[in-house]
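Here chain A shows up in two complexes: once beside chain B, once beside chain C.
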Partner chain A sequence: MEQIKIKIDGKEVAVDKGLTILEAAKKANINIPTLCYMKLDDFNIENKPGGCRICVVDVKGRKNLAPACATECGDGMEVQTSNVRVLNARKTVMELILSDHPFDCLVCAKNGKCDLQKMAQDLGIREIHYKGEQSIYRKDTSPSIIRDVDKCIMCRRCETMCNTVQTVGALSAVNRGFMAVVAPAFEQDLVKSTCTYCGQCVAVCPTGALTEVDDTNKVIRALANPEKVVVVQTAPAVRAALGEEFGLEPGTLVTGKLVAALRRLGFNYVFDTDFAADLTIMEEGSELLDRLTRYLGGDKSVRLPILTSCCPAWVNFFEEYYPDLLDVPSTAKSPQQMFGAIAKSYLAQKLNIDREKMVVVSIMPCLAKKYECQRDEFKVNGNPDVDYAISTRELAALIKQANINFTELPDEEFDLPLGESTGAGVIFGTTGGVIEAACRTAYELHTGKKLDKIDFTQLRGLENLRIAEVDFNGLTLKIGIAHGLGNARKLLDQVRDGSIQLHAIEVMACPGGCIGGGGQPYHHGNIEIIQKRAKAIYQEDVNKPIRKSHENPAIIELYEKFLGKPLSEKSHHLLHTHYFSKENEIIINEE
Partner chain B sequence: MVSIKISESKIKKIQEICKKFNNDEGELINILHTVQSEFGYLPAEVQEIIAKELKISVAKIYGIVTFYSFFTMTPKGEHPISVCLGTACYVRGAEKVLDEFKKQLNIKIGESTSDGKFSINCLRCVGACGLAPVVMIGDKTYGRVAPEQVKEILEEYK
Partner chain C sequence: MEKKAKQLRIALRNCGVIDPQKIEEYIANDGYNALVKCLTEYSPRDVIEQIKKSGLRGRGGGGFPTGLKWEITANSKSDEKYVVCNADEGDPGAFMDRSVLEGDPHSVIEAMAIAGYAIGASNGLVYIRAEYPLAIERLKIAIEQARAYGFLGKNILGSGFNFDITLRYGAGAFVCGEETALIHSMEGLRGEPTFKPPFPSVSGYKGKPTNVNNVETFANIPVIINKGAEWYASIGTERSKGTKVFALAGKINNVGLIEVPMGITLREVIFEIGGGIKGGKKFKAVQTGGPSGGCLTEKHLDTPIEYDTLIEAGSMMGSGGMIVMDEDDCMVSVAKFYLDFTVEESCGKCSPCRIGNKRLYEMLDKITKGEGTKEDLELLRNLSTVIKDTSLCGLGQTSPNPVLSTMDNFYEEYLEHVTEHKCRAGQCKSMVHYFINPDNCVGCTACARNCPVNAIKGERKQIHEINQDICIKCGACLEKCKFNAVFVK
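Then we have the complex of A and B:
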């Protein structure tokens, strides 16, 4: 690579040709503030519209200031990143952005976590000299996501996530000039769009323009109701990220404190979605083996590959874009819904209460889970298996409201029986984890032999798309793994046209898997945070005395006493589901 | 999921046009031009079918349709009136001319008369600044238009 020399704030730096001033400055440890710019290196995600003009710098010999994010370094270039001219320009730009922004920071969902707010503070804005018109737009509420476009600064990060990364295509910039907004087609509500509720738009929104639906008050009311037995489940990825909300290093495991906090909030039973993840493996793993055995036995009606179905945004995505492949995904419900179904049947029976008396709350790294638990097929006579799904961020807010000193809490254990889980359940939280957990169990069930090595490291990693082979005692399983819906689309298109032959595919809608979910503490564009969470998840797996789902004693007992065996009639009734086409319907009318 | 109501012949025509441009996403603006000249406007259902043919999101198409003032989602009149509001026309009184058209036809910008004969739109510069203020009706250009002439011009089309 050709090297060039550039001087930034008097400091000489040698950089690869083609780098932007922003990237070169980063190399020289010089921080140039950015607002619309976002880059998640390992996932190949970049948002660089050069639109906000906060990152402008003074380039010697150039008449106007240059946006550092979108200007390539030239040999011998001399750049000043913070002279008076630059600082004044940044302030002016910021004041202009703020002149069309509501002033309700104190009651905004993003208060304290807003990139715009932080930038205003960093730039020392104390007054806005420009009083102009403010754009007013209606609020749009869906089951998972709220759009409050008045707070949009047109950074286009959500558009990049929705279109380039996820290929969902629900959002686009529409209209022009002052009237421009980011909106679904025909400016309809999100519910009428192709939105999968993955929440990646929310994860990257710098302001309060896109936020999750806040269900914390519903949870508080349920907890305060003495008539109700309130049961909580926590997803694997939550324990690897919740600590960040309380100032702990990213990647700090807070499983014990999480349990303690939930108990202090007043939940009657604190259980673990990891238990349901183990249960998912029993069902999904058995389904994989069943399909595989029939396929190898010559049954040509069997559809392979089998697709994982744990991720509700992924389910929404294939219902929208692959209605011809609805018989390919596993029929196994997601762990959240399996948990709800078992809690309101098996556990309710054990506690001798009606399902209506029980409230099931789930703590999820995910916003699509809010939509998922409202789906009609997950209700019995109108009563949902899971009543409320709140995000990791919402739980943090609840803990703060309840005045719980989180970091000082003792480590406590989950309640039994639905709190018993294995390392296989934990790794559901990261890309590659579900299929690894499935392999651990399917291998032993298929071969009747114990695994020498529990870790299937070939299935791990953060590359966008991975194809790996797993040896099942002479039978080579070909496995595809995708995280991010755009990567899933690439894989599914190849399955559809027959250009790739795989036995199983794992898909998680969010980059990194659930650890990078739309309901997790904001990563503010720092990919290291997601990497550290993944590390924490695998650490928790290693810490567990049992690391294979089928060895979970509570699962064994559940099958012995209640379900019979995997794929039994009762299992099918409680733990499996079916899918619907969400494809647009074309009605031919005559003129 | 959305229900799209559209006639078979329209779908066929759109498919034909998209195919002429090899169903290439890069030709989207040309496709929209051609489809609009065929149907007069680009209603939601037409955009949905184009999206399906080109395998792109309808939100993206809507974004482009709303960005360019040339594209319209409401049907234009038989004689579409375009009043130039570019700088030269504006300073020479185009707004008064526009107001007179609105008054005479009793419609707002972007609307059509109830008989479907006329519609009014604004545009920015037709490249005939020497003739400012400029009005176009269909393909015919009128230069140095004064508000008093508006009634007379409209008579030509009645």
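Then we have the complex of A and C:
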């Protein structure tokens, strides 16, 4: 790489050609503030509209100030990042942004976690000299996401996630000038758009313009109701991230404390979605084997590859964009919904209570789960299998409100039987995990042999799109793995036009899988946090005495006493679903 | 007669002279000669050399050397390149490009083909405002005719050079005149600019090298090729060659399009070609460069019109709008008028332009309402400077120019507005009051009868009086009084 020399704040630095001033400054330990800019390197995600103009710097010989994020270094360039001209411009621009932003920080969902708030503090803004009209828009609430775009600062991060990364195309800039804002086409409600509720827009929004629907009060009310038996399940990715909300290092596993906290919150039973993940593997793995066997036996009606269906945003995505492929995904419900179905049948029966008396709450790293649990297919006589899904962030808020000193909690164990789980269930939380868990079980069921090595490392990693081969004792399975819906689209397009032959595909809508979900503690553009969570998930897997779903004693008992066997009639009734085309669902507001 | 002598028509040479819907008339006036000459006598490099030597600079406003732009695009290696004609003329009151397209569309088509030959492009695109239906119609006819005559299409004149032109319509956004925004709009994306580099000449339409020139720039090309670069370079000044078309408007006797050699003074344009100020009033200022330009005054009248001198004087060439103001114009209101336009036309991508211009407008509005303070003037200047310094594209980088130039040249007017709450031009309604001079009033009742709000009391042949609490300052009394009794203070 060709090296060039540039002088930043009097300091000479040699940098690779092609680097921006912002990147070069970082090498020289100079932190130029940025607001709209966001880069998640390993995921190949970059938002660089050059729009906020907070990162402007003074480049010698240039007539106006240059945005450091978007200006390439030139040989011999002299840059000043904090002279009076720059500071005045930066503060003035910040004042302008704040002058068109509501001042309700104290009651904002983003209070304390807002990038704009932090920037105002870092820049020492104590007064807004430029006051005037503020742009006001209609508030928009969907099952998962609230848009309060009065707070939008046009950083366009959500647009990058929604259009470029996820290729969902629900959000883009509309209107011009002072009224420009990011919104669905024709400023429709999100529910009428192509939104999949993946929540990646919320995950990257620097302000409170995009937040999750807050269901904590519903949970508090359920907990306070003596008539109800309140059951909670927690998804695998939650335990790898919740600690961040309490100041613990990213990647700290807090499974035991999480259980203890939930118990102190008053849940009657604290269970694990990992149990349901094991159950998913039994059903989905059996489905894979069934389809494979029939396919290899010459049955032309069998569709391959089989697609995982645990991720509700992914389900929404293929219902919207691939209505012609609705028979390709596995019919297995997601772990959240399998849990709800089993809790309100098997468990309710065990506890000898009506399903209406039971409230199932799930703690999810995900916002699409809020939508998923409201789908009509997952209700019995109007009563949902899962009543409320709250995010990792919402749980942290609940714990704080209940005056629980989280970090000092003892480690406690999940309740039985729906708290029993294996390492295979845990790795559902990261990209590649579902398919690895499925392989562990499918291999042993198919070959009748024990695995020598439980880890399928070829299925792991954070590359956007991976194709790997797994040897099933002479039968080579070709497996595709995608995280991020844009990557999934690439795979699906190839499946649709027949240019790729795969046996199975795992898709997770969020970059990194559930650990990077839209309901997780904010990563503020730091990808290392997501990488550390992935490590923690695999660590939890290794820590488990049982690491294969079909060896989970609670699962074995469930089949023996209740379901019969995988893909049985009862299983089909309780644990499988079907999909709908959403292609023509877009409706224009009548106003 | 003198009026004619001052003007020199190169870009507008055929406008009003030939029938724009007949290619034969264009051909009869040297039309397509230049294209033939290029294809038969010149190599692409030769063409670029000619344009460089002519000294032609972009007529869209920026003034970038056209030959150099062509050279950079020619040097960009790619399987495909594009020639784009920017016909998104959007300055208020400016219609130079429209006149060329309506009056002489073939000159643009010929020039685009020449540019295509020079840079190695076989595709031309005209980005034209949908609000120009006649220009679109004539351009379409001209393109058809050029195809029929073999000046467009495959293997033009047996040279092996292919070139054709398609139209793209703009939806009336001023910012789409900015070349990166224009390209995004043509690609079907939101019409907003992106930072440069990369410049379109390296990565433009569909990521391919793209040469974007304005209509008027193109209209000069065939003449340069026909008459030679030296001839063209002999017109104008050291750093600005050739002629420029201006749209004269405002308080001037002769309004309309003019084409003058570079280097002519503002005085010659306004007082000789323009015939001076309407109604014998006093000249106050002239706004050049459209909403992004600045107001120049009496002291600038002898400044030669060139790209660089206008910038030095605090304004710019722009695309050629020239609005003349007289003593009745309030300079704060003038600045407010232009800001109103830029607020409306900002795309909203970058914060200083999106919010800053709005705040500028609001402050100016406050001042014209008599509610401004001296502190506002400082804030106004600081904000203007920061918007210029930090905005993403040319729109925001120039939008505060009307504010800064009026503050520079008419600071005392701003001061009067904020300290004495007085508008000397009498345009800021909230600061003026209408009175009746008892010495002149004869009691004819004309004022009272015409007052729409019955604010004037008085008997016939008695002195009348205006009730300030009711008066809405419409000015009807002043207009109707034949005895010079109504006055403004």
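Just so we're on the same page, the second predicted complex is superposed on the first by the 584 of 591 C-alpha atoms of A that agree within 3 Å, B and C clash if a C-alpha of one lies under 4 Å from a C-alpha of the other, contacts with A are read in each partner's own complex, and residues count from 1 in each chain.
One rule holds for everything that comes next: a contact is a pair of C-beta atoms (placed from the backbone, for glycine too) under 8 Å apart; a residue touches a chain by one contact, two chains touch by 3 or more.
Worth saying up front: this structure is predicted, and the values here are computed from it rather than measured.
Peer 1: Once the structures are superposed on A, label A:293 by its partner contacts, choosing first (chain B), second (chain C), both or neither.
Peer 2: After superposition on chain A, A:293 lies in contact with neither partner.
Peer 1: Hey, is it chain B or chain C that touches more of chain A?
Peer 2: C
Peer 1: When the two structures are overlaid on chain A, which partner does A:457 contact: first (chain B), second (chain C), both, or neither?
Peer 2: neither
Peer 1: Between chain B and chain C, whom does A:50 touch in the aligned arrangement: first, second, both, or neither?
Peer 2: The second partner, chain C, only.
Peer 1: Using the superposition on chain A described above, determine whether A:164 touches chain B (first), chain C (second), both, or neither.
Peer 2: So A:164 meets neither chain B nor chain C here.
Peer 1: Does the superposition put A:172 against chain B (first), chain C (second), both, or neither?
Peer 2: Both partners, chain B and chain C.
Peer 1: Go through the superposed model and pick first if A:70 touches only chain B, second if only chain C, both, or neither.
Peer 2: Second partner only, chain C.
Peer 1: With both complexes superposed on chain A, which partner does A:192 reach: first (chain B), second (chain C), both or neither?
Peer 2: Touch partner of A:192: chain B, not chain C.
Peer 1: Residues on chain A in contact with chain B in one complex and with chain C in the other?
Peer 2: 172-173, 175-176
Peer 1: In the complex of these two chains, what residues of chain A are touching chain C?
Peer 2: Residues 49-53, 56, 64-65, 67, 70-72, 85, 88-89, 92-93, 96-97, 99-100, 129-133, 153-154, 172-173, 175-181.
Peer 1: Tell me, which parts of chain A touch chain B in their complex?
Peer 2: Against chain B, chain A makes touches at 163, 168-176, 183-187, 192-194, 581-591.
Peer 1: Which residues of chain C touch chain A once you look at their complex with the stated criterion?
Peer 2: 173, 175, 190, 192, 194-195, 197, 343-352, 354-359, 362-363, 379, 382-383, 386, 388-392, 397
Peer 1: Name, in rising order, each residue of chain B that touches chain A in their complex.
Peer 2: 1-11, 44, 47-49, 52, 56-63, 66-67
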